[in-house]
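Down below are the structures I want you to see.
Presented sequentially are two complexes of chain A, the first with chain B as partner and the second with chain C.
Take a look at the complex of A and B:
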């Protein structure tokens, strides 16, 4: 194996890793605000990408327009789901909400099958597949583009969380709901906002990854790797989600280079178990110590 | 008590006597067929096309023309989502509750294999399953559909190592029964010619990235790379080859993969790809029978595009109709099997003349294609595997 080939494989892994990271971030956003996991996150990504694509087919919009439609579609879908279903389960246990989102994911996948069939569809890309030569190394613009766009989105999220009132409110709710409420923060609005924000991040991830894995009712499965990435980074931590996602993408790609390729899909789980055993707080997290 | 016993006895006797006269699933006005297939899960598109837009399309035409010896054909389908245990439950339900005459065009090696024993034991014909593993061979009540993988492999290796004179082969295969059956067959056929597989890498269903596998395969420097995958990952492999600028290799797709959807997904990365095609092009072919198929599709399902999966179901229904016509007015499972075994040189207009012998194989051929300007161009006449 040449170094050039190795670099290509690593960059390719970073690109998929960026998508895992975005998925992990959307899971963490909802988790931090509401303490529940949204298992329908992957299917919401899939639906919003389909909506963008359907509008693209009709109106022949430029790709930026497609992304905008997908983002608006995702926001509306998330707002509707949160208001119509999740909000009513406010007194239910976290476990109940988890099952509700699991059911939602199945419903959304079937609905996509009815609306658009279970076929795979090609999806237009911002970036090309033809390699650029950088010295002896060949890099695919699509990989670099995905990494760049994801990093830009992460930076925007960071600014949102640290610089805006909404971001600060969301962090406050994540730390202590009762205190946040006493400070005059509307916890319900934060719930809504976090669902919408998570869906928007998912929609952008969907539009970025669809040209690579193709648009289909099955593409929501990427949520599993997003979940693993979030745990790797220490569930609840945003920087952890980014590191976890990138790490997972690269490990997943490097493992089959040196091991039989059939092992590729078990690697994430092996890493997950190892991390949980050795560093239960995740790679960047600290183990919480409680005074008793 | 005595009265109840008498009634019970009467019922039991009635049941014991009744079925002897009539064949299950066949009445004076109707023939009932069915199958378990994928209407959800990874092969949902294929399953729906083969049944509701393939088998049913042909039977709609037959029924509108008066049916088979005055009997209309009715079909029943259940979803197994590509899960063997569900396929078994569905098939039992079809046989025992819906009382179908035969199973037609189920899909996928694992689900189909799971139902084989049950159907053989109950003497229910299993007609033209959409799968190519040779495990269906040599069974009294089973007629295979798709050209079996070992036959496909033989045609591919003989053509590439023969007229094309290639010597170094590698394979990128799906990590399941489909991929492994092909890999085993390739290795056997190469060994016959004194050659060996230079490298083989596997891909799991639902993969997001195949760059590592492709890097390993490139390092082995093969002249030919076989791709034994489903359309999504297959197209990803083609795009990956474009990304790494790997040009000195001939990419060859397996029979089930060589279809228009895979081309559409790969876009310009598909240029120059070769493969074994099992059907004439359903969209562009000028064969009169293929035109008729497209016209019928336009008439009954105007929103559905012609494709290879629907044509395979359409062909299955056509073969059943031919067999049932030959079996005559007294249609039974055994008379159907005898009639199918007697088919010689049947002109479907889609494939070369079909002869079904004791081996129960209905398709044994394919032809070579190369993608030129986004379309499959035929490079050979029909290749034979016997």
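Take a look at the complex of A and C:
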């Protein structure tokens, strides 16, 4: 295999990896605030992408407008779900909330099927189709576009978490909820903000990836790889989520070159099992091992 | 004149356990008042009820004459009550500076620099360490940070839970000197402290709690002379914990 071809594979791996990273970040944002997993994260991504697409079909908005619609739709959906359902269950066990979000994911998928059928739809891309030649390497613009947009979003999130009052409050809640309350932080407002922010990140990821994997009620499944990416990076760590996502994307794209090509869809799970056995704290993580 | 804090017949239950059962106390404006008592007597729970971390089952809590019994914790902070919890609870993954900034969560943006300056004036060591992670500070420095962080909102009532716990005597003395300085600026202090002697020296008045009830109250002088307080909390005579209750044999 030539170096040029290898670079091509790695770059497209980084592109899917960026999406995994964004999904992982979404999961980690909610986990850090509430210590629960949102199994419906993928379906929320799917619904918001559909909403953007539906508005696009009607109004022929420019793509940036589609993304804006998806983002606003995602924010409203997350806010409503958090206020109407999750908030009332938050004093229950984390396991209850987990099951609720699992149920939500099934309901959202059915709802999408009713509204838009379970077919695949082509989704317009921000980026052209013609491969770009960089020296001998040919790169798909969509890959570079996804990587670039994801990195920009990650930089914005980094600024939010380190430079703003809301971001600091979210990190404070992640470390010690009681102490955060004593600082005058409304922990309930941080829950809301976390759900909304996670959904917004998911919506952007959805609009970026839909042209590649097609728009369908099944696209929420990407959350599983997001989850694996988060574990890979040490669940709870944002930089870990980014590294884990990128790593997973690249491994998943490289593996079929050396192993039977049918292995591709098993790769994330093999990686997950390997990481849990070898480095349960994640590749960059610091999560303490549970004593048994 | 209204008191900074008035508590009437406070009761707090954790499930079936009665942590506080009918406590009434007042803290005057600008006054230092101490709560004494053995572990589990309800001192920390009383502070938690004041700052809104736990909901009382019964009773009323008035701050500056306003009923804050059902006010959420974040609004109680904004109203001017700061609580330094037992064990400091600094944010270990934040730098000293970030801890102070988050302490000023409810403070207007334009005020922040001045408040930071005040914190660094009170504890110069925090200025030197402002970019160090709080989790790597010594116990004494963490306590200073916890107090400085609580002062970022310029509270008029400061709740301190065991500020000298685990500190070397010299550091403990320094913390107590600082509490006096803070008080001299007009901040009322409700102090929970295991070192009763030191607490009574600092406070004007005190209450002794036992199994969730006030069993003795009075001026520090009176408490210091009370034979039961002397034996149980000042270690001046032999006596079992719980000297005020007739316990079944």
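In this section, the second predicted complex is superposed on the first by the 287 of 292 C-alpha atoms of A that agree within 3 Å, B and C clash if a C-alpha of one lies under 4 Å from a C-alpha of the other, contacts with A are read in each partner's own complex, and residues count from 1 in each chain.
Here is the rule we go by: a contact is a pair of C-beta atoms (placed from the backbone, for glycine too) under 8 Å apart; a residue touches a chain by one contact, two chains touch by 3 or more.
Just so it is clear, the model here is predicted, and its values are computed rather than measured.
Of the two partner chains placed by the overlay, only chain C lies in contact with A:169; chain B stays clear of it.
After overlaying the two complexes on the shared chain, residue contacts for A:118 are found with chain B alone; chain C is out of touch. Judged by the number of chain A residues each one touches, B leads among chain B and chain C. After overlaying the two complexes on the shared chain, residue contacts for A:179 are found with chain C alone; chain B is out of touch.
Look at A:135: by the touch rule set out above, it reaches neither chain B nor chain C. Shared-chain residue A:254: touches chain B; no touch with chain C. No residue of chain A contacts both chain B in one complex and chain C in the other. Note for the complex: chain A touches chain B at residues 1-2, 5-6, 8-9, 12-13, 15-16, 19, 110, 113, 117-122, 129-131, 138, 140, 142-143, 209, 212-214, 216-218, 221-222, 225, 249, 252-257, 260-262, 264-265. Within the complex formed with chain C, the residues of chain A that make contact are 165, 168-169, 171-172, 175-176, 178-187. The touching residues of chain C, when paired with chain A in their complex, are 51-53, 72-75, 77-78, 82-83, 85, 89-94, 98, 101-103, 105-106, 149-150, 153.
Here chain B touches chain A in the complex through residues 40-42, 44-45, 48, 175, 201-204, 206-209, 211-213, 215-216, 218-219, 231-232, 235-236, 239, 242-245, 261, 264-265, 267, 269, going by the rule given at the top.
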